[in-house]
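These notes are about the structure you will find just below.
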């Protein structure tokens, strides 16, 4: 890989060097603020670089195309917002919050490699870097017993499922002789009767991917880990780790049209329907906000797989659109929760949010818009996303899928409404006043969240820009 | 270069190893042994890769195995750190103690 | 351009009322009133100008005023608002009842006023949007927009079981709305297959003769969405809960306007777009309509909560609308639109009355009321007027509507209409029981009669209902063109129609 | 002259509006003045119109005035137009004249009632809607008047609303008349389907040439409406209970005008009925049956007003009998005469009740002969007219004509004649019973107050009319004066006789029957009260007392099942379907939640189970 091409991988280089630099910086005992700002600088610089460079480039392990760049932009933007909100969250809770940012950058590095990989080795590399960072991040707040338990659980099950993933990859490699997505797809399509080895290979690969995306048969871990980890880390899992795995699925099955072969499409169909229904049903009677968001993420992964299934009519564009809108909504929600959290405990039970509208109307409006967007109500971007999925689904005559989507989103309405109702019920003000500690960062958080909410509403009413942007990006 | 026929046997061995590892994770209650079982599974996946690489006479399989080894090592180290922390807090390594996080009771 | 102005005035009025309300609590009331009166005056002079234009038969295209700008070009969705006789009369009703709602919640809503008026105005803007939208996507957009503020109004300012009923209201309408969304998209693709053009535009979908095995399912999708909103028999269970728990203004808007969006949808979308599918399901629809007439009346008779009683009467009156729509008859169609207007006025009045009684007696249970005529004769006589209106006494609006519906429906479905006219007897039973329980008999609690504000509201509503009762002709002429288009009458009939309008001009000039 | 017609309904309407809105402002005299003023003005206008109409009859027999176009949907055209011809002249005259007298009477009768203005407002509204009914040019306007009178009767029956029983009686009246109105409405829909128009004149022109099977159905449906409003057989139970209202109300609404709306409807739509003899037979049969049932029930009543109520039902039975057999003018003539003497009797009864501390039971009255002389004299004249005392009373001429035509007219038959004769015998019997019990014998309750002059004048005028109004129509063998039949004949078809037996013989029979009835009544009831009471303690009398148990039949057949259904379904079984859905989803959600046990080994097993499921699925497909 000649040095000239190395420049193409600049985004990865920036993140990794940034991580190392911050590690070195820690030695000088800088204040928490300085570490956070430098981490933000790394993200910003990386984001600018990604958005500026334009020409496409494919190499053995990596392919830098519009699709990858878009997802990388998403991952970096979410990483940046997470660093923003984690300052206030960790400032008074943790004795040395500074190491958090290093882990965050490493995690993002893993996700970035996933974004641009189209080869098994780079897939494995990215995935494991991401997972390693996650193990430590989940167990970050050591003194809280939940975190360590969640970290342990995640570690063992992640390792367990990556073993499945590897075994699957090995089988596929054994059958097709190559580890490159396009070649694999080409070979599998050429075989009339797909060989059993290959099918089991894809099946095992799906197990590994299914665990990472917490779709139905492998969703059991999601709720516990979401609840155990601290809020910025939960945001990181929900967005960056799932985003990374999603793009792999889109590349492996979507771009290569592999999803159209019968065994894989029926498997995905069952997984999609099951996760849509189970995700929403689980969340119906749940009162812990983090667990509700975990179950709703199961359901949303179901919607995304449904979008992937109707790949015929620009399903990929629908999937990317829905993912980005979903992430924006999640970021807004997690941002508000982290602002509400106190020293002793996270703001994850419904009572923390009760009557919020009458004390802090701004935060409550953000939550309402985020919830409405997740529920897919017009006036918010969520509706456009859901509308696109319905459109793609109806175009490819996936009636069963569409009806389950309608039924599931009706169930979904119920628990999103439960949160919105809690906002508006009369409830005495119990949450202590924490804004005075460091007003500047609260204002910064507020501005970031407001931008997110405004973008949710703006895309809801004038979605043309975002649709055009995604179309142009996916072209080259 | 081992012939095609023999590579099937190696896959069989890898599969058996994989199944044993999986059983190990499910049966054992001590976290340490679960970690070991996961290691077995990772190695069996590595074995499968080497067999596949041999079948196509390419070096990719072995390179992949190297990555798997390094990943397994890193993962175990983080695992052991976490086990230390659990032992510090819960005074036990029994996995069934670790069930404060649960969804079936309000 | 006026059409966009209508919606914009309401939306900005809402936001203003909310923000200014934080500083000057009482200002939000006046802003809300103002931002409801302005569109009312605009529509009133539109009515004046257009009714003259219609009579002279100059209006060339189907829509009197139209605005059509692209919105999401990739999908063929454009911001297409259009106004014709039907939507103009519905708008007039919307703004009239909107002002009534604001006036009647003057004293009732004290807590968090600004947010209340914000929701109220946004519901009105959603409803205006629904009545104007001519692009199916835009229609669905406004259909949902009108839902959320109403949900907030019920869940925040409602009475005891408000959370349960607001959930029920939201989930019922939203589920059927999603079904409609599926139907809209399916229609969008079928039309694209046959005419090659990807569009949600109403006019183009009208001309498209796309036929596919799914079109019956799509028609049923639309039908269910609209009949859940206009409560038809099996889907009506959300209405009594939503009404009895909503604040008075909420019930007025819910009963007066939101039920009409369902009927409007049937007239605007189901009949013209799915002509022969409508014929296939017409039998079922009429049977359900008749059942809901009788079932609503029976339920109304059994209730003790005043607002639930009035809610069930709306179920019964809406049954007439379904009977009228699916008898595909000119007279019945005119009756349907008149019923939408008169039912809006009479139920709004009954709800405002119920609200006033709740304000004075702090209860909705009619067993604790009684003998109120001695203490409040004016309230008694107004109650009498509107109880009689709801049971179809001639010289009041509802009679004209119900008479035209039954007369028209009799031409095509004699047996069902006979059973439906049993509803006239049952409606008499529940309305005089209501009068007896509330106003006659021995009085148990002391209340004071109308104050000036209440007198104006009730006076305006009575004038409106008597005006429509005694000379409904201006409204009928206004609706002539829409009724024809929704019934797809051939041009021959149109010529006859033109001659009758011309003949009418001679009458006016004489 | 046409543009005066609108004044007829407009004046009482103006009176109503004035009293309704500004009623509380006026003192009692002003209220009385407005009340009587508006109706008497209407009477003057109606007299003026009548004189002009009779002196210079318009060419096609009617004058009409259109106010404005009510509604017009392509071929269905309805205008507010008033149609004034001979038939409506009679009705308008009776309504306004008797109405004015009753208004005068009630100024004193209701003098110390708390809601003075409300009473006169309702009365004026009633007169206005009754006038609209009789002047309507098309059936929709007629329906407007029809429902208007129904509403006013509801309001006036339940006028003293403090007492729940009055409210229930009012509800009963409104609902049962509403059943009749619905059948009238369905008749109108069928009419529109057949003739394409609802204007009465157009219908009668087209009816002649129109021959279709549904004419009988239309006729029967219209008759259903008449049955509801005029309390004929199936729907007659509401009139006796309607006596809960003040007596002037009973006099005006439940004797003179509203209950005869059915007669007017049938007379107005005579072309439809002529086309279907079957319907005519039904009308006659129902009339005869009601006549008999009501007469027997009147015989057993104890309350004076209920006796009069049942007698009104039976006299209406006579009118429908006349319409049924085709004696159109006889029915209208009997309507007019009946209006006079029945109003007189009700007003008299009102005074009697008022004078005796609201005592209704005849057995507690007695000996009023010398205490209330004028009331006694007028009451006797009225009863004579009711009993159809031969030669003197007007009742004889009108009832005799009906009895005569029930045998000889087109659809007459000996059976109908026999029923009519038995009816007139029983009428004579209960009339004498009523007079004897109230006026003769020893007085039981003291007199609380003497009626004033404003109560006497209407009684005297009506008594005068009950005697001399009969002479404008004498049968052949007594001077053959046909003033009335000639005049009304212009608007109604002439009655053709089927057979020509000697008229004087049958008159003699009717006279003898009436005299025998009166004498028998005198002998039976003038003896001491105890004998009378045990005479009437028999089972048969109890059966008649309850109006042949129609009331209880309807209560069991309709009222109780409806109440039961409404009570058990109060919270809507359809609502249970929602609870079922909620139940299922929350059960499912709980089941799934149990899968989150928190133990890692369970989760790992979940993954393995998922892997196995995927592999088997792959191999199967």
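As written, the chains take the letters A, B, C and D, and residue 1 is the first residue of each chain.
Please note the rule applied: a contact is a pair of C-beta atoms (placed from the backbone, for glycine too) under 8 Å apart; a residue touches a chain by one contact, two chains touch by 3 or more.
Computed from a predicted model, the values in this text were never measured in an experiment.
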item	value
Starting at subunit B, fewest touch steps before arriving at subunit C	2
Chains in simultaneous contact with subunit A and subunit B	D
Which of C-D and A-D has more C-beta pairs touching across its chains	C-D
Subunit C-subunit D separation of Cα centroids, rounded to whole Å	38
Inter-chain centre distance, subunit A versus subunit D - centres from mean C-alpha coordinates, in Å	79
Centroid distance [mean C-alpha coordinates] between subunit D and subunit B, Å	97
Mean-CA-position distance for subunit C and subunit A (Å)	44
Junction residues of subunit D, two or more chains touched	593, 595-596, 598, 600, 604
Contacts with 2+ other chains: residues of subunit A	152-153, 156, 160, 223-224, 282, 286
Two or more partner chains touched - positions in subunit C	none
Subunit A partner contacts - residues on subunit B that touch it in the complex	7, 11, 14, 18, 21-22, 25, 31, 34-35, 38, 41-42, 44-46, 48-49, 51-53, 55-56, 58, 60-61, 63-64, 67-68, 71, 74-75, 78-79, 82-83, 85-86, 89-90, 98, 100-103, 106
Subunit D-touching residues of subunit A, taken from the complex the two chains share	152-153, 156-157, 160-161, 164, 196, 199-200, 202-204, 206-207, 210-211, 216-218, 220-221, 223-224, 262-263, 266-267, 270, 278, 281-282, 284-286, 411
Partner subunit D, residues of subunit C touching it in the complex	168, 233-234, 236-237, 240, 298-299, 301-304, 330-331, 334, 371, 373-374, 377, 381, 384, 388, 393-395, 399-400, 403-404, 406-407, 410-411, 414, 417-418, 421-422, 424-425, 428-429, 432-433, 436, 439-442, 470-473, 476, 493, 496-497, 500, 504, 507
Footprint of subunit C on subunit A - complex, ascending	358, 372, 377-379, 383, 387, 390-391, 394-395, 402-403, 406, 409-410, 413-414, 417, 421, 424-425, 462-464, 467-468, 471
Of all residues in subunit B, those that touch subunit D in their complex	22, 25-26, 29, 34, 95-96, 98-104
